[in-house]
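Scrolling down, you'll hit the structures one after another.
Look for subunit A in each of the two complexes below; its partner is subunit B in the first and subunit C in the second.
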Partner chain A sequence: MTLAIAPDQPGVQRPSSPLRRHAPFLLIAPALIFLFVFLVLPYFNIIVMSLRVPARVGMYAEGFTHANYARALTDGFYMGVLGQTLLVGLLTTVACVLFGVPIAYHLGRSRSRWSGVLYTLILSPLLVGVVVRTFGWLIILSGNGVANKTLREFGLIEAPLRLMNNEFGVVLALTHVLLPLMILPLLGNVQAINPNLERAARSLGAGRLTVFWRIGLPLCMPGIQAGGILVFILAISAFVTPAMLGGPQVRTMSVLIVQQLIDNFQWPFGAALALILATATSVSVLLYIRFTAPLLRGLR
Partner chain B sequence: MTVLSIRSLVKRFQSVVAVDNASLQTREGELISLLGPSGCGKTTTLWTVAGFETPDSGTVHFDGVDVTNLLPEQRDVGMVFQNYALFPHMTVYANCLFGLEMRGVGRDVARQRITKVLDMVQLTGLETRYPRELSGGQQQRVALARALVIEPAVLLLDEPLANLDAVLRDEMRFFIRSLQQRVGITTLYVTHDQSEALLISDRIAVMFEGRIEQIGTPDEIYARPITQRVARFVGLSNLLAGKLRRQAGGFAIVESSAGPIRAIDNRAIADGAAATLLVRPEMISLGDGPESAEANRFTGTVEDSFFLGSVVDYRIRTVDGLLLQVHGRPVSRLAKGASVTVSFLASATWILAA
Partner chain C sequence: MTVKAERLGRSIDRAYQWAFRSFLVLAYAFLALPIVLILLMALNAGELLEFPPKGMSLRWFVALFDSEIFIKAILTSLQVAAVATCVSGLLGTAAALYFVRHAHRFREALRVLMIAPLLLPEILTAIALLFFVHQIGVGNRGGFGLYVGHTMITLPFVFLNVSAVLYNFDRSIELAARSLGGRTWTVFRRITLPMIKPGVFAGCMFAFVVSFDLFAVSLLLKGIGQSTIPIQLYDYLRWDFDPLAAAVSSVSILISLGVVLLADRIVGLRALRF
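For the complex of A and B:
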């Protein structure tokens, strides 16, 4: 068969203009420039700042030092705060997985006309600004707040429970707002699971619960992994929620960093703390990906 | 071996009747195909046997035991799905092991049975592969192995070859048929492909609009369909309208617009009733044919012809105005417009209800 060769057929050599040759790069250039100006440059700035010599007057003194890092890494207080931050992130992630998986599984399989309503309800925490939402939690969780009053009126408790100014309050409020970020990636995941897999498992003799544990849950791992990373990072870097609900008991790195920068005007030390947090987060995420990889075999 | 019987099955989805009073009973080790166009209720029937659908009325029995109200996991069926439904996060071995684990089969016995079944489907050596690392044909055979390894009472296959390319599909038909006969398992096979059903089945149940229209051996379905749509759905057909005139001597006559045509007598049709003649294109020969009392003969011209490889598909217009589809051998092909005599025997001509 002979055909007139169309100019756009692959493999056909034709002179390419410089514009055409660089087209892929030109397409991603705006994003690259944006990231460079607003991410790479500021990070570079923070790195430089973290190596500056602290000063009593002004932002920093002459010269460079690694003393900021030495102070943060050797002082048990700061490492304790880092540990507590990672713990809050971990607990929030676990809570989001525990609540998110059943909801996503149900919603992904539901053909009810109410599923649209449930979907909106899941997104609702994101519709309220962080400060308003956190004030809401204050009203509910405080010593004579809604939760304690209700429990006392029903005679379930005598003295008010401590529901805030501790890890419980912070993890609760973070789980509330971050749950949608767990559910959304999972939902796409659940909907992509062929329902015949569950039927096949049942015809092979597995009951509903076994099907969930052996088939449904393992197939949700990509969504759990992706959602877990999102939730963990956002929980660790949250500021308003731990600042307002954590009280003096729960200090997270973000709260501490803002304190150093705004209250104490310790920019070099604050910058060092910020970089330590960023490093700890990256390492945690890398370890997480590493250790969840075996659960994704055959799925990607 | 198990006798599967389906009795007066009815299944509605809202106002649509998916299965309308379907009944059939297999013999031990028999393979019955449910054949029909999409939406005819064949898959719903299969799923009711598997337990994925609950019928509105009617029952399913395995060896006389009513299983209609049992959950899928309580029935003893092996199921193969159109898209195979292999567990993507498990290796070939783990896929096969799953059903055995659910039945509490010990590790050692399980290993022996999996080794045996993988050998049967010619997948030895691929135990540690994940489904996505296999070709379509291999995945198909893993699905068969997974269903067979539990040694179920009944094997259910839901369009198992529909996702394979044509060459592989042809191979797998023979493979599934010989495997089923070696294992000797009672099998229900859903397909919309009539040539697949003809090749693979002991008997075929042809379904239209939720009803089983005819059930019989492939020979019966092909040569003696009971309705026009069965005739049209299975194989190619020339259908001619007329009126039946019974006569002594075995054959009946159908008075058609092209004159009397001799055919096998169908006792189900009353003398003098309107009837339809069926003659398959390959049963008509070009030329005068043998001199015989049972020969029907027409003259006409070649109106069109199509080369199909193994045969040439002619459209021949008789002098009486009938258009006949005739399959001739591809040697010495007739030109368009050529005059030709065609003939077919009464014993190759069947009479249907009008």
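For the complex of A and C:
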């Protein structure tokens, strides 16, 4: 029998029995059991559920079928909603990149004594629940809300603008909700850029815009890619914001799925819709990684 | 380069800098605006959520303390967050100890599994749990699924924070304690635990704040009469639109802020790495 003393164990220990050797595993065992029972099994169960036969009474009937998928994939309504969901996710990601890159670029290299305050400002939305933040946008965007009141006060518009119950409102609020998650990965990226690179470019006569375009931005690409994926996934699976600001115009998959599950009690069909959404998300992310890969070439 | 071209280049540069600055101001304002407005609206003296507010008053906070549903929601939220934080604090800390110090085989797989609840969309996890608790016959009774879901989502936050502290842990201190005759448990209690405390507290703080704001899991898994603040607020906003909602929002913001400040007082969050 071999005496195995793990390399990171102090050498003063007695020769360990197998029981003693595996004792540390008991530390992670509870968490693993918990995750296996309540995460791994339930996720497999979604697949099983999506193949079950829908029933009028109860959760599902006997037997298995692929009818749920057939129904979702052939019905133009559900595919339209899926398309709209992906569009909202895409627009939100683009908006987060457009807002996030300049902010991260500024904050990542700011030496100002205000930078602490600005950090707090960027991270604070994470402390505020998504319902509360969306409610804030409801106050701003509603027909009689802050934005319309202010615009009318200044005589810029006559009739109230339609700022919510459309894609604009949903994308705007989602951008606000997800922007911190775009900025955080970018910040590390920006801070890692060697300032001498930019100084060298400046001393060779490049303007600030050129420096940003030719040096800063390309070096930020890994952060943009990572943050973009995160934002896209979260935007697509968001429920609260589209439910509160989308109205009947903007239907996203999450809203539809919850409706199927809670209001209509159509569990097998809801499960199929959820898996279609998950598949569409994974495919989009893989495509995104594939198409952004050339931008990262030579950076790592 | 001619003088003219150089001058042109410089004015483009200045215009760019000016545009960049004003863009930044707008972007920061965009981030702050909704939250500032909610706090402002909660102090509104008027009947409606109107802008500009009709004077200042605390009447809506008084109304909040008279509102049975919201007080109950606040208590439910606090209770669920406390339970989830304690359980995921224990599970997550122990798991991080094993992962950083003992895991050799399947290390990457373990890591992915431990942070999986963070990587998977919350709504999907909620749906998975909803089916599961009904199929094992527990259902939404007593909010079993609610507690499990909140623990699940908050677990990675504890795990990641404790792991981060453990990676920077100087184990020679433990070795010294051991060579001086300290037993495993004593060394753990007197040396290891005090040294990883900042990570545990930071992780628990994140866990609490995240659980406090969790929506999808609560929506699908709550038991009867178990609405947390976000759920109750969402329900309320479907039919009513008055400053009471802003007052509730403000209180929930203040509770989260209080937890963060408390954690900062105890361990100092400046050491935190994001």
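Keep in mind that, in the parts below, the second predicted complex is superposed on the first by the 260 of 300 C-alpha atoms of A that agree within 3 Å, B and C clash if a C-alpha of one lies under 4 Å from a C-alpha of the other, contacts with A are read in each partner's own complex, and residues count from 1 in each chain.
By definition in this document, a residue touches a chain if its C-beta (ideal position, glycine included) is under 8 Å from a C-beta of that chain, and two chains touch if they have at least 3 such contacts.
Just so you know, these numbers come straight off a predicted model, no measurement behind them.
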item	value
When subunit B and subunit C are modelled together on subunit A, clash or fit	fit
Residues of subunit A touched, compared between subunit B and subunit C (which is higher)	C
First (subunit B), second (subunit C), both or neither touched by A:Ala226	neither
Partner chain(s) touched by A:Leu179 [first = subunit B, second = subunit C, both, neither]	second
Which superposed partner A:Gly207 touches (first subunit B, second subunit C, both, neither)	both
Contacts of A:Leu261 with subunit B and subunit C, given as first, second, both or neither	second
Touched partner set for A:Ala67, first subunit B, second subunit C, both or neither	neither
Partner chain(s) touched by A:Ala280 [first = subunit B, second = subunit C, both, neither]	neither
Which of subunit B and subunit C A:Met244 touches, first, second, both or neither	second
Partner chain in contact with A:Pro102 - subunit B first, subunit C second, else both or neither	second
Shortest span in Å between Cα atoms of subunit B and of subunit C, once chain A is used as the common reference	7
Subunit A residues contacted in one complex by subunit B, in the other by subunit C	205, 207
Subunit A contact footprint on subunit B (complex, rising order)	50-52, 71-73, 75, 77-79, 81, 83, 85-91, 98-99, 102-103, 130-132, 146, 150, 156
Residues of subunit C touching subunit A in the complex	1, 9, 12-13, 16-17, 20, 23-24, 27-28, 30-35, 37-38, 41, 49-52, 90-92, 94-95, 97-99, 101-104, 110, 113-114, 116-117, 120-125, 127-132, 134-135, 148, 151-152, 155, 159, 171, 174-175, 178-179, 209, 212-213, 215-216, 219-220, 229-230, 233-234, 237, 241, 245-246, 249, 252-253, 256-257, 260, 274
Interfacial residue positions of subunit A with respect to subunit B in the complex	194, 196-197, 199-207, 210, 214-215, 218-219, 221, 296-299
In the complex with subunit C, residue positions of subunit A that touch it	6, 8, 10, 12, 24-25, 27-28, 30-32, 34-35, 38-43, 45-46, 49, 59, 99, 102-103, 106, 118, 121-125, 127-133, 135-140, 142, 144-146, 149-150, 176, 179, 184, 187, 205, 207-209, 233-234, 236-237, 239-240, 243-244, 254, 257-258, 261-262, 267, 270-271, 274, 278, 281
